[in-house]
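A, B and C are the chain letters, set down in written order, and residue numbers restart from 1 in every chain.
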Amino acid sequence: MANTSLLKLEDDDNIAAASKRLGMSRREFLQFCATMSATLGLPQGAEAAMATAVAAKKRPSVIWLHFQECTGCTESLLRAEHPTLEKLILDVISLDYHETLFAAAGHQAEDARKKAMAENKGKYVLVVEGAIPTRDGGIYCKVGGKTAIELTKECAADAAAVIAIGSCASWGGMPSTDPNPTGASGVAPVLGKPVVTIPGCPPNPYNFLSAVVHFLTFGALPAVDHLGRPKFAYSRLVHENCERRAHFDAGRFAMEFGDEGHRKGYCLYKLGCKGPETYANCPTILFGDAGGGTWPVGCGHPCIGCTEQGVGFAKPIHMVAKMKNIEPPLGYPRIVEEKGTGATLGAAAVLAAVAGLAAGAGTIVARNLGLSHRAEELERLEQTGKNPAPATTSGEKAGV
Amino acid sequence: MRADENPRRNFLKGCVAAGGVAAASAVAPPVAARETRQRPPEALGLLFDATLCVGCKACVAACKQANENPAEFSTVDPLWDTPLDTSARTYNLIKMYRHGTMETKDAETNGYAFMKTSCMHCADPSCVSACPVSAMTKDAATGIVEYNPEACIGCRYCVAACPFGIPKYQYDSAYGKIGKCELCRHRTKDGHYSACAEVCPTGATLYGKTADLLAEAKRRLALKPGSIARFPRGNLSGGPDQSYEAYAGTYKQHVYGDTEYGGTQVLKLSAVDFEKVGMPYLPPEAAAAHSETLQHTLYGGLAMPVVVLGALTWAARRNVHRGGDSNGDGGSKEGEK
Amino acid sequence: MAHSQHLAAPVGGRLLNNATLVAGVLIAIMAAVLLARFIFGLGAVTHLNDGYPFGIWIVVDVVIGSAFACGGFSVAMLVYIFNRGEYHPLVRPALLASLFGYTLAGISVIIDLGRYVNFWHIYWPGYANINSVMFEVAVCITAYVAVMWIEFAPVFLEKFGLHDIRKKLDKALFVVVALGTLLPMMHQSSIGTLLVVMGTQVNPLWQTQMLPLIYLLTAISMGYGVVLFESCVAASGYRRKIETHLLDPMAKVMLGVLAAYLVVRFGDLLVRGALGEAFKPTFVALSFWVENFCFAAPFLLIGNAAARRNPAKLFLAGVAIMFGGVFLRLNGFLIGYDTGPGWNYFPSAPELLVTIGMFSIEVLGYIVITRTFPVLPREEAYIKAHA
């Protein structure tokens, strides 16, 4: 982790060996590490640490279980191309048990699992793909005579980390859709403890790989939210970074498939897009490493909310999403905003000057009037009986 | 000294005249109090449901566009439209109620809520009653409160009169106009309706006949909070059905605008107390009715002014009979005390 | 103290002095501010905003200014309607102040109007809205300004020796006088009615159906207060004999009107149950008590006959009642007016300078006219000049 410059790694022997092993050029390998680091949202320098780790560290042992699922998660991993994932999972990690990818079968395969577990006790990573049926003692899914529940518990007991890949393993996914005849459940409730979940149907392979590489580099899985989802991938709503967001804000919506708005690429919210209630990073890293900048919303189909429990496979596709606003927009005007201008220094000074002058003048006038009145009263008292004196100007100088 | 003409008697006569004036006021033709007007039967309006509003401000942007208004800035850098309140160039605005930690939408404590601010199109608008030159008028059929800058003298009495603070004046202009929502009446000939309702993604702002909107509002109040129900969008009284399913809000059991000032054509539903989201308490009788009752009681048919003028002329004629204001004849009697 | 004659005569003297010079400078400043207003708009020089669309140009210059200008109407009513001819010497000076007050109020309105070019719409049948209180006020004030100029015309006709026209005018003067009494009654009450349509925005202390009566009674009593004030200031300024023998009984009439007003005011507050507002710990409540203290002060100052002979106390009573009226109007239109929380208003310096400039025109005009035209009662010192 000391080396923080990717460029310095160009001539590193370990890096050269790792890239050769992965069938990539050195430059491609370093780019892959940089992409991974960016997906994780890690600071500059982490990509170099990752490259070093991938190149030098012992490949972590991975045990991959399949239960109620379609193997879509594995398929999507296999179709990742930067680098081709079959190379990566064989060379970056030591995939010691994977029912789909295994050449071995039957007891041979089960033995491999047991061997790997014993050899890497407390150090291997357990990945679960697919939901776990819980009804009737879990009899609806058995591998090698053991129920999914038993297998999960057995493998999880000595695992360094448990990752639930795909929505099925994360929260039940499609098999758990009402009426859920098998009692399909996610991994966490079965184990009775939280696990890292990578929901999605299928999930983006980079979210999974980034989590694994993070484990490889830093010895721990990335920070997760209350549902066990890595925050680097699932802390933002699809709606928040959606490329069609500007249309939503401007009130431009596709009203039906194929209409003018749809053809112009307007917001799909009114067609039932679940982006506003679905946490995933699809708009930023797109979907399934399919290439060509494609992802469902980019292709004109509303997001179905596959990562989100209670949304994907639960709400009809046409049903309008319930907006989740995590943070109320603080830039909005309050109900009461301070408006208008109060007293300024200049205005107050002018007013004070006028008030002072008026008060002063008023006082002088009142005093003069009072004085002359008193003088008159005195005069009248003294000169009682005499003719009144001709009117004189009795007021003192005041005013004009 | 008060021989030939008794000032006291004259004073008393003056008092009689004044008494006559007072009596005339008291028994003036009992002009019937001007009742608070009700909405026209075909009145058009909006229904704003704060629980459906997601605060996207599409309505604010659409309103600006439809009325060709410029952006207004409240930030140091003029980046995008950020008005703090409606203005003569912002006819419609979404404001946000905020309390405490602002965790929950539509919660009064530690929550936040959105509220649309725009013309309520009162059944008995104060601005129309106030305007001395008929620049503010209420359409007899649609009930839209309309503004005509060609007639306006810019006295801003409408601004002062409106209880919602809606008509606003362009103080920054040498020859400013009043600006307010006119329900996009200029767009109806193109088959459009209020832009804010046209673009609202959730139907939080719904356009239609106020009678229909009121029925819709009352239907929503009767829904069980949290239950799934259908909510129309766009134009309630015509146009394609854009309704969708959503969850019913926890409404305050009152349709704002049902009775306020005799009713408004724009109605509002909210989960937060209406006064807290800036909708003032208003009695069912319109201020315009009070004002016009007074105005027409005093001046209806000019009856009272004519009677009073008669009495005053009679009194003045007696007292100004020698060219009362002539400078030189004293105008009147000795003033010795 | 016999005043066998109370002919009016010009005061005479130089027109250019310190007072007129200061007034002239202030008027020039106002002109500069108004130039900016007409080029850049109201917002450039005022602090007017949509929460306070009526600023001091309306509330002080028009609403309060016209109430101050009720001296002419109040005294004319006393003289011509109640036939108290002894007050006749007070008519012309009071009328002059009224003339200025109203004319300037009219000009202030034009300045304040946003779309002043359309001003004529108020009088045009196609546009005029007879339901509008503003319409009533505007038409009525316009008519009154015209009537007042006719009422005051004899002064100019005398000066320029147009005796034929003068005689013709005299014959019809009683109609003019009657109109000159009716019109202020109409619009001064309607200025109060202006608040009614503002409804709940006006604090209950000032929002009532009795507003027309309240504003009318205060306008009348302010009229007498202004005459007291003016007579005292004119006497002090021009070093003339003060007409205590006239002011004393008039002050009594003023107290009567004032008493009637206070009965109406507090009766109304009690009947509506709005008095509670006055006991809340708010600035508005304080302002209410200041207002009513000003209205009650004259009873303390000149409640007895001896006090009424003291011009200083008459002066102070006049000032108090003027302030009462000022606060009543400020409270109704600005302090007790609340269009919703968040709005602030305090007049800007240029805004104040315009109001001060208007006041300066009034002072300057008063000095020029009283020095050149026969307005103030003739003093012995000047009799020989006109004998």
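Following the convention adopted for this analysis, contacts are C-beta pairs under 8 Å (C-beta built on N, C-alpha and C of every residue); 3 or more make two chains touch, one makes a residue touch a chain.
Computed from a predicted model, the values in this text were never measured in an experiment.
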Pair of chains joined by more contacts [C-beta pairs], B-C or A-B: B-C
Central subunit by CA centre of mass proxy: B
Between chain C and chain A, distance of the C-alpha-averaged centres to the nearest whole Å: 67
Centroid spacing, where centroids are CA-atom means, of chain A and chain B in whole angstrom: 45
Euclidean distance of C-alpha centroids - chain B vs chain C, Å: 31
Two or more partner chains touched - positions in chain C: 1, 49-51, 340, 342
Residues within chain B bordering two or more other chains: 85, 278
For chain A, residues that touch 2 or more chains besides their own: 336-337, 339
Chain C residues within the chain A interface of the complex: 1, 17-19, 47, 49-52, 232-233, 235-242, 309-316, 319, 340-349, 351-353, 356, 367, 379-381
Touch list for chain A against partner chain B, complex: 248-253, 255, 267, 269-270, 276, 319-320, 322-323, 325, 328-329, 331-337, 339
Residue ranges of chain A touching chain C (in the complex, touch as defined): 336-344, 346-351, 354, 362, 365-370, 372-373, 388, 390-395, 397-400
Contact set on chain B toward chain C in their complex: 7, 10-11, 13-15, 17-18, 85, 87-88, 126, 129-135, 149-157, 159-163, 165, 168-177, 261, 278, 280-283, 286-288, 290-292, 294-296, 298-299, 305, 308-309, 312-313, 315-321, 323-328, 330-337
Contact set on chain B toward chain A in their complex: 54-59, 61-62, 74, 82-85, 93-98, 102, 105, 112, 114-115, 198-202, 233, 240, 242, 244-247, 276-278
